[in-house]
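Handing you a structure now.
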Amino acid sequence: MTQSDVKAVPEAAASWGDGAREPVVPRVSEPRSVLVYLSYGWLFAVVAVALLAGVLPLASFAVPVGPPRQAPQLGSLDLLLGTDSQGRSILSRCAYGAQVSLVVGAAAGLVGAAIGTALGMPAGYFGKRADSLVRLVADAMLAFPPLILLLALSSILTPSVRTLLVGLTLLIVPSYIRLARANTLAWAARDFVLAARNMGAGHRRVLTREIMPNFLPTLGAYLPVVMAALIVAEGSLSFLGLGIPPPRPSWGGMIAEGKDSIAESPHMVFVPSFVIFLTVFALNQAGDHLRHRFDRTLRG
Amino acid sequence: MVLPVVRRVGRSLLVVLLVTMGVTLLLSLAPGSVAEVVLGPDATPETVGAMETQLGLDQPLWGQYWDWLTAAAQGDLGNSPVTGQSVSTAIVERLPVTLQLAAMALVLALAVAVLLAVASAVRPGSPVDRLINAVSSVFLSVPAFIAGPVLIYFFALQLGWFPVTGWSPASEGIGANLRGAVLPTVAIALTEIAAFHRLLRTDLIGTLGEDFVGAARAKGVSGTYVMFRHALRPSSFSLITLAGINLGRLIGGTVIVETLFTLPGLGQLLASAITSRDVVTVQGIVVFIAVVYVMVNMLVDLSYGLIDPRVRKAAKA
Amino acid sequence: GTALLLLSTACGGAGSGTSSGSTATAGKPVSGGTARVLQLSEPRSLDPALTGNSWVTGGFVGNALYGTLMTNDTRTGKVQFKMAESFTTEDGGRTFELKLRDGLKFTDGTPLDAAAVKFNWDRTKDPATGSYTIQEASLMASTEVVDATTLKVTMVQPVANYAQAVLSTTLNWIASPKALKAGRQAFDAKPVGAGPYTLKKWTRQASIELAKNPDYYDAPKPYLDSLTIRPALDTKQRIDTMTSGGADVAIETNWKNIAQATDTGYPTVTAPLSGGMYMAMNARRAPFDDVRARKAVAAAFDFETMKQSVYNGEGKAADTLFEKTSPFYSDIKLTQTNRDAAQKLFDELAADGKPVSFTFKTFPSTENRAMAESLQTQLSRFKNVDVKVKVVDYADNLALHATHDFDMLVSSANFIDPESRLYSAFHGESRANMSGVDDEALNAALLKGRTATSTEERNAAYKTVQERLAELVPGIFIGRSAPSAVTGKNVHGIVLYGEGSLLPEQLWIQK
Amino acid sequence: MSDERPPEAVSTQPLLRVRHLRTHIGTPRGTVRAVDGVSLEVERDQALGVVGESGSGKSVMARALMGLLPPRSASSGEVFFQGRDLLSLSRKEQSEVWGKQIAMVFQDPGRPLNPVVRVERQLTEGMRRQLGVGRSEARGRAVGLLREVGVPDPERRLRNYPHELSGGMRQRVVIAIALACEPDLLIADEPTTALDVTVQRQILDLLRRVQRERSMSLILISHDLAVVAGRTDRVAVMYAGRLAETGSTREVFDAPRHRYTRALLAATPALDHKRHTPLRLIPGSLPDPTELPEGCRFAARCAHAAEECLDLDPYLAPVGADHHVACANPAAAPTAPTTLASGGDPLGR
Amino acid sequence: MAGSGTAHLRGDKALLSVEDLVVDYPGKAGTVQAVSKVSFDVLPGETLGIVGESGCGKTTTGRAVLRLDRVTAGRIRFAGEWIEQADERRMRALRRQMQMIFQDPVASLNPRRPVKDIVAEGLAIAGSPADERAAASATVMSQVGLDGERFADMLPRQLSGGQAQRVAIARALAVGPRLLICDEPVSALDVSVQAQILNLIEDLKAQYDLTVVFIAHDLGVVRTISDNVMVMYLGKVCEFGDSAEVYANPAHPYTRALLDSVPLTDPDKGFAGPALEGDVPSPLSPPHGCRFRTRCPLAQDRCATEEPQMNEVRPGQHAACHFPLPPTT
C-alpha cells in the first residue's frame, strides 16, 4: 500500500450526493399524544365532576331512585348506569365516589410524599446517624404488616375518611422515604451542590433550593401511580369492611358492595371498576407523560 | 468482614423490636379485650376481670411487653387465649399455605412480567408496547377482591377447571394442591405483574440504551441473546428490591385472597387475631413477618452481589 | 369462633329451640362414603363448653364428636331422646331427673355416666371456663349423681321446658372428663366423646377430618365412613363451592344462597325458626329512650325493601314473633310499615327538641353492612331523621354487650321453643337484653312463660309477650333466620334440630 | 455509477467505499442531519483518521457504517464493503457482518463492557456465535487475544469482571473483543478520550501495532488531531456532517488547505506554546444540525469567508495528488510544510 | 517519586499555602489515602498548574483546600489565616474569596435554575438587594463574553458546554474571589472551545487580579496558562517548579514520562519519547517507598525502602526523587 494509490475521495467527490435519495426519517410524533390528552381530559372531567357533584343535576347518593339492581338504561340520567343494591343511582354514586377516591388518593399521596421527603431528604443528605435512624424507621414501617396497621387503626379510630387517610398515608410514607433518600443521594453528589456550598450556602438552603427542586418532579411523576394504588387500596379496605362509613360512596366500596352479585348484576361491579380503571390508566398515562417530560429536562 | 454482618443483624433485630413495640402500642389502644372475646357476650365484668388478671392484661403496658419479649427471646411465643393453641404451632400450621401462595404468585408475576417487559422494551412506544401497558394498567386497577370473584366465575364455575374454594395441602397430592392454588395465585399475581412490568420495562429501556448493549450487538450476536444474557440482569435491581419488599408484604398480606378462597393462611389468622384482640397471636405473627421481611431483604442485598459483581452500595436502594 | 366476625350473622348468645325437620328420604340408607361439609365458621376449640350449638357456630362438629343427649323436632318442638333416655320433672321445672342409656362409653373407654354429665355441666356453669352457654347452665343451681345413669338437677327457678335449653346448647354434648382434664391443647388435639365420629385431623381454618366411631351406640349409624368439614366464610364462595360440586353438604343461612341452591336443584332443608334477627334499639339513652322514636323508625322500615337490597328479594319476614308452625303463633304484628305515621312521629320528636339522630353499629360483613345501609337508605326519604352507620369489629361488638354504648345494633333471637332465648333477649334483668327495655308486664309474662307447665298458660303468657313487644318496640325484626342445609342430589338423611344444628349420624350418600 | 469508473479501478476496489452517506435522526426539535453526504474510501491495510469537533457527526457516521443507528433515524447512500452494500442488508445479514467483517470499539472505555458478565464470555460469545468455535477453543483463542493486546496473566483476567480491571486494561479487553472474529475493518471511535495520557499512549501504540500485524484496516476517530496524526495513513476532517478536507495524513497536517483544519491545528495547545500568550481561536460554534445554513457550513466562523461562501456550497475538490478540500477559497499551500504542524519536540530534541 | 516534604514552600508571602495535607476515604474494602502529605503554595497573582493522572488526588486536593471535603490532617493557610479548623460560619465567608470551577460545566449548574439566578446565587446568599444583584450579574456576564439579556432566562441544558463553563466562571467571579481553583475546567470541552475558555481565564485573571490554581491532566493545557506546575502521582507530589523549567528539564522520571506520552501533531513522530509501562497501582495499597517505583524505568532498591523527600534540584525546581534526571540541555 503506497500513499499514492489510496484515493482520498471516490470519484464522486464532486458532489455531496444531493441528487441521491434523502434518508426518510420516521416522523417523530408524540405517539401517545392522543391518549395522553384523553387521559388528561378524563382526569379533568373526574375532578370537575367530583367538585361539582352537588351542583350537577344528579340524585343524591344516599336516596334510592328506583328499584334495586337496575341494569344501566337510557332515558333517565339517574338510571343511566343502573342502580345499586339499595336502588341508589350508580351514576350519582360514581360522581360522589370520585370525591372520596380522589381525596384519598391525592391527600394520602401528597401528605405521604411530604412526610417521606421531609424524612428521606436529610437522611440522604447528612448520612451517618440521621440516615441510619430514618432507614430504621422506614424499614420498621415496611416490615409492619399493613393489614395490622389498617385493621388496628380502624378499631381505634372511627372509620372515616380521616382514618383512611392516616392509615394509607402511613403505608406509603416508607416508599417515599426511600425515594426521597435515593434521589437526594444522587443529587447531592452533583457538582452544583458543591458549587452552592462553595458560594456559602448553608445546608438548609442547599437542601431546599438546590436539591429538592430537582427531585420533586420525579416524586411528582410517581404520585399518579401511588394515587392509583391508593384508590384501589381504599377499595380493599371497603372489602374488609373498613372503608368509609355509608352512605358516602367510594369507587372501591361500590365494587366491594357489588362483588357478590357479579353473576346477576354485573354492572354493579363493572361500572365502578371501569371508572377506576380509566382513572388509574389516565393517572398512569399522565405520570408517564410527566416523567417523560421531566426526563427530557435532564437529558438536555 | 465480620463487623458489617453483625451490624446488619443488629439493625434487623432493632427493626423487629420496633415493629413489635408498635404493634403492642397500637393494639392496646383498640377497644375491647381478648377476655371479653373468650368469655363471650354473656360474661360478667367480674369474670372478664378475673380472666384479664389471669392473662396479665391488668399489668402496665410496658410490663406486658417486657414479659412477652423475654419469653419470645427464648423462643416461647405463648399460647393464644382464644384458641388455646400455641402461637408457634399456629404459625407453623398456616405457613405452608401462605408461603406457597406468596412464592407462587411472585414467581408467576416475575415470569410474566419479565416476558411482558422484554416485549415492551424491545420497541418502546410500539403498538405491542402500548397494548401491554394498557393491560398492565388494567391489572393495576383490578384489586384482588374483584379479580378473585371474576376468576372464580369463569375458571371455576363456568369452566370448572379449578375448585372454587379450599386448599389441599401438598402432602395430600401435588396435583390437587396446585389445582387449588392456581386461582388464588393468579388473583394475587395480577397486581404484582403490573408493578413489576412497569419497573422492569423502564430499567430495561435504560439498559438497552447503554453502550455495552450496542457493543454486544456489534459482535453479531442475536437480539434475543443480548436481551436475556446482557440486558436483563443489570436491569433487575429495582425489580429484585421490589420483589423482596413485596414477598415480605405478601406473607400476612394476602388476607383478602385467603378469605375469598377459604385458604388457611397467615393472613386469615392475623385478621381474626386482630379482631379478637388476641395480642399474643398478633405479636407472634408480627414477629414472624418482620423476621421474614428483614431476612428477605438481607437476601435481596446479597443478591445484588450476585447480579452485579460490583456489589453496589445497599444505600442506593 | 373468632372467625365469626367476617361472617354474616350477628350476635352470639345462646338459643333455645324445638324439634326437627327432615328430608323425604329416598329409599333405605346405605353405609360408606365420605361427605364434604361446608360450615359458616370454625369452632375456636373442640371443647364442648367453648363452642356453640347452632348452625352459625358449627353445631355439626359437636354433634359428630359428642353425639346428642336429646334432639327436638323443628316444627313442633317435641323432644326426642338419644343418649339420654329421659329428662323429666315432677315439680313444674324445679328439679329434673336425667336418665342415661346404659353402657355408653367414651372412645377412650371411660363410661359416659351421670358423673360425666355432672362434670361437663358443672364445668360449663363455672365462669372460669368461659363458656358461651353460661346463661343457660346457670339456670341450674346444682347437680347430683343419683346412680350411674341418673342425674338429679335442681334449678334456680322453675324452668318447665329446660330440656329445650339443654338440647339447643352445648349442654347437649358430653365429653370425657378424663380427656377434658388433660388440658385444652391436648383436648383439641384429641377430643374424646361418645359421638358417631372421632377426630382424625384438624387443620385450623382449613378442615376438620372425622372418622366413623365403630363403637357408636346407635349402630348401624353413622352411615358415612368419614366427614371432611371446611369453613367457608365468604357467602358467595360458599354457594359457588357447593354448586360447583366442591361439597356434599353446606350449612347455609343466607336467603339468597338458599334460593340459588333451590333454583339449581339442590335439596335444601331449613329449620323454621321463630324470632329472627332484629335491630335492637337502645332504650337506655336518647333518642331511643323515647318509645315514639322506636316506633317511628319501626314504622318507617319496610322489610320488602331490605329483602330486595340485602338478599336479592329472597327472605322471610318476621312480622309476627312466632312462625306459623309454632304452637305459640298468634297474628300479632310486631311492627307495621306506615310512612305517614313515621314522618309524623319524626316531626313531632323534632318539635319536642328530641330529633331522631342515631348511629347504627354494624359488623364488617357485606350482609350486615347492607342491612344497615338499607335502613339508612330507607330513612333517607324521611325528614327529621338522621342515621349514621359505624362498622365495629367482633371484639368491639362484644364490648358493647357490657358498655351498652350504642344506639342501634343488629342482634338476634332465634328459637323454636321460646325457652330460653326469648327470656334472655327481652327480660329486663337479662344481661343479653340488648335494647334494655325493662317493662314490668313484659318481665312478668316472660317469667310466666318460663315457669308455666301447661301449654295454655304458656300460650297466654307469650301472647302477652307479643303484645308488649309490639307496644314497646325494643327492636325491629328484620326477618327470619334460615338455618339450612344445602345438599348434593345424592345426599340423604338431613336432620336438623335445636337452633339449626345438623345431625351427622343420619347422613348417607346414594352411590 | 460504477460504469463511470475506469476499468483499472476495479482491480483496486477498496475494502470500504462510502458514497453520499447521509444519516438523519428524527428528534422532537426537528431532523438532525448528523451525517450529510459523506463519501470516502478505506483500502485494505490502511488506517484512516477521522477528526472534527464534538458534534460534527463522527460517531453517527461510524455507527451508520455498521448499521447500528439510534431509533428514529435513517440512512441513505451506499456503503460498499467488500462489494456488498451494507445499507441494504437484512438484519440477519447485517449481524453476520458485525464482528466478523467490521468490528467497532466504542467511545469511552468500560461502558462497552457489560459490568455483570465475565470477561471470558464477553470475549468468546462473538466467536462462538459468528465463527461457531467450541467452548474450549474459544477460550484458547481468548487467551491468545488478551496476550496479543498486552494483558498480563490472561488466564486469570478471563475470570475477572470488567470493574476488576483498570481503565487501560478494560480498553485493551474491548479491543481484544473487537479483534475476536478477525475483522477486516476495525472502527475505533475515540478509543482513548477518557484515558490518561500514559494509558492513551499505550492504547494508541497497540492499535497501530495490531492494525499492521493483522493487515487490517482501521478507522480511528478522534477530536484530537494529535491522536490521529502519527497513527494513520489518511485523514478525513469532518465538519457539520460533511468532510471538509481529506488526504494523506502527511499532506493534511503538513499543508492543510481548509481554513477549518488550519484553525483546529492552531487552537491545539502545544507543549511549546509560549506561556501566557493567547491561543488562536475559532470563533462561534457548530451550526445547529437541524437548521444547517445554505452555502458553506463553515462560512459563519471563517475569517476568510467571502460573500459567495454564504450562498455557494463547495464540494470536495482535489488540491493535490491525494488531497481534497471543500472550500471555495482554500488556503495557499505553505512553503515551509512544518510551520503549522506545531507538534514539535517540547524538549527541543 | 511520591514524596513528601515542604522544602518547596515559599513562606509567608504565599496567598494559599498547604502543608502536609492528608485526605482519607474510609471504604468497605479499606481506606484510600487520596491525598497523602501534599504541600504546595501559590503566590498572589500567580497561576499554579496541578497535573497528574486520573485518581492521583487533584480534585480531592482542590476540594480539601476549600474545605468542601474532609481534611484528615495537614494545615491550610489562606491570606495569613489558618483555615483547616475554621468553623462552618467562618468558612462560609472565606469560601467566597476562594471560588472553584468544576470539571463538568453542565453538572456544576443546577439544571432547574435559570442562568440569571445561578450567576447571582452567591450574592443572594450574601443577602445583597435584588437590583444590586442584577447589576453585578450583568457585569460579570458581559465579562465572560455572554450576552446577559439573551442568556438570563435560559436553563443550563440549553447551553453548550463552553457557554455553561462561562456561566460557571461568571458565578464564581460575581462574589469577587481572590483565589480561583479550576478543577479541569476544559477537559470536557473540545479544542476550539477549550482555547476560548483558556483565553478567558487568562483575561479575567489579569482583570480581577486573581490567583489561580489550575488543575488538569493535559500537560499542554497547563503549559499555556501556568507560572508554576505541580506534578502529582497517587496522592503525592512528584515535582514542583517553574513551568518553563519543568517542561524543558523535567527532574522527575514521572514528569518525563508524562511529557513523552503526549501525542504530537506531527505525522512522522507520534510521540516524543518511550512509553510508560503498566498501570497506576491501586490506591488501596500503594507501593511503599517511592510510589512511582513500580513503573519507573530508573527504579533502584533504595526507592522501595525509602520515601523520597522534596528537594531542590535546580533553582526554582523541586522534585521528590532519589535519582533526579539531569537537565537535557
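Going in written order, the chains are labelled A, B, C, D and E, and every chain counts its residues from 1.
What we mean here is this: a contact is a pair of C-beta atoms (placed from the backbone, for glycine too) under 8 Å apart; a residue touches a chain by one contact, two chains touch by 3 or more.
What you are looking at is a predicted structure, and each value in this text was computed from that prediction instead of being measured.
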item	value
Neighbouring chains common to chain C and chain D, by label	A, B
Common touching chains of chain E and chain B	A, D
B-D compared against A-D, more contacting pairs	A-D
Cα-centroid distance, chain D relative to chain E, in whole angstrom	32
Computed distance of Cα centres, chain E from chain A, in Å	47
Between chain C and chain B, distance of the C-alpha-averaged centres to the nearest whole Å	38
Whole-Å gap between the CA centroids of chain A and chain B	22
Residues of chain E engaged with two or more neighbouring chains	none
Junction residues of chain A, two or more chains touched	151, 155, 240, 256, 259-260
Residue list for chain B, restricted to those that touch at least two other chains	30-32, 149, 157, 271, 274-275
Sites on chain D touched by chain A in the complex	1, 4-5, 12, 14, 17-20, 22-28, 31, 36-37, 39-41, 43-46, 72-77, 233-234, 236, 242-243, 246-248, 250, 313, 315-318, 321-324
In the complex with chain A, residue positions of chain B that touch it	11, 14-16, 18-19, 22-23, 26-27, 29-32, 125, 130, 133-134, 137-138, 140-146, 149-150, 153, 157, 191, 198, 245, 248-249, 252-253, 255-256, 267, 270-271, 274-275, 282, 285-286, 289-290, 293-294, 297, 315-317
Chain C to chain A touching residues, read off their complex	235-236, 305, 308-310, 312, 363-366, 369-370, 372-374, 376-377, 380-381, 388-391, 393, 395-396
Chain E to chain D touching residues, read off their complex	53-54, 160-162, 190-196, 198-199, 202, 217-221, 223-227, 243-244, 247-249, 257-272, 275-276, 279-280, 328-329
Touch list for chain D against partner chain B, complex	63, 66, 68, 95-100, 103-104, 106-108, 111-117, 121-122, 125-126, 129-130, 161, 163-164, 174, 177, 180-181
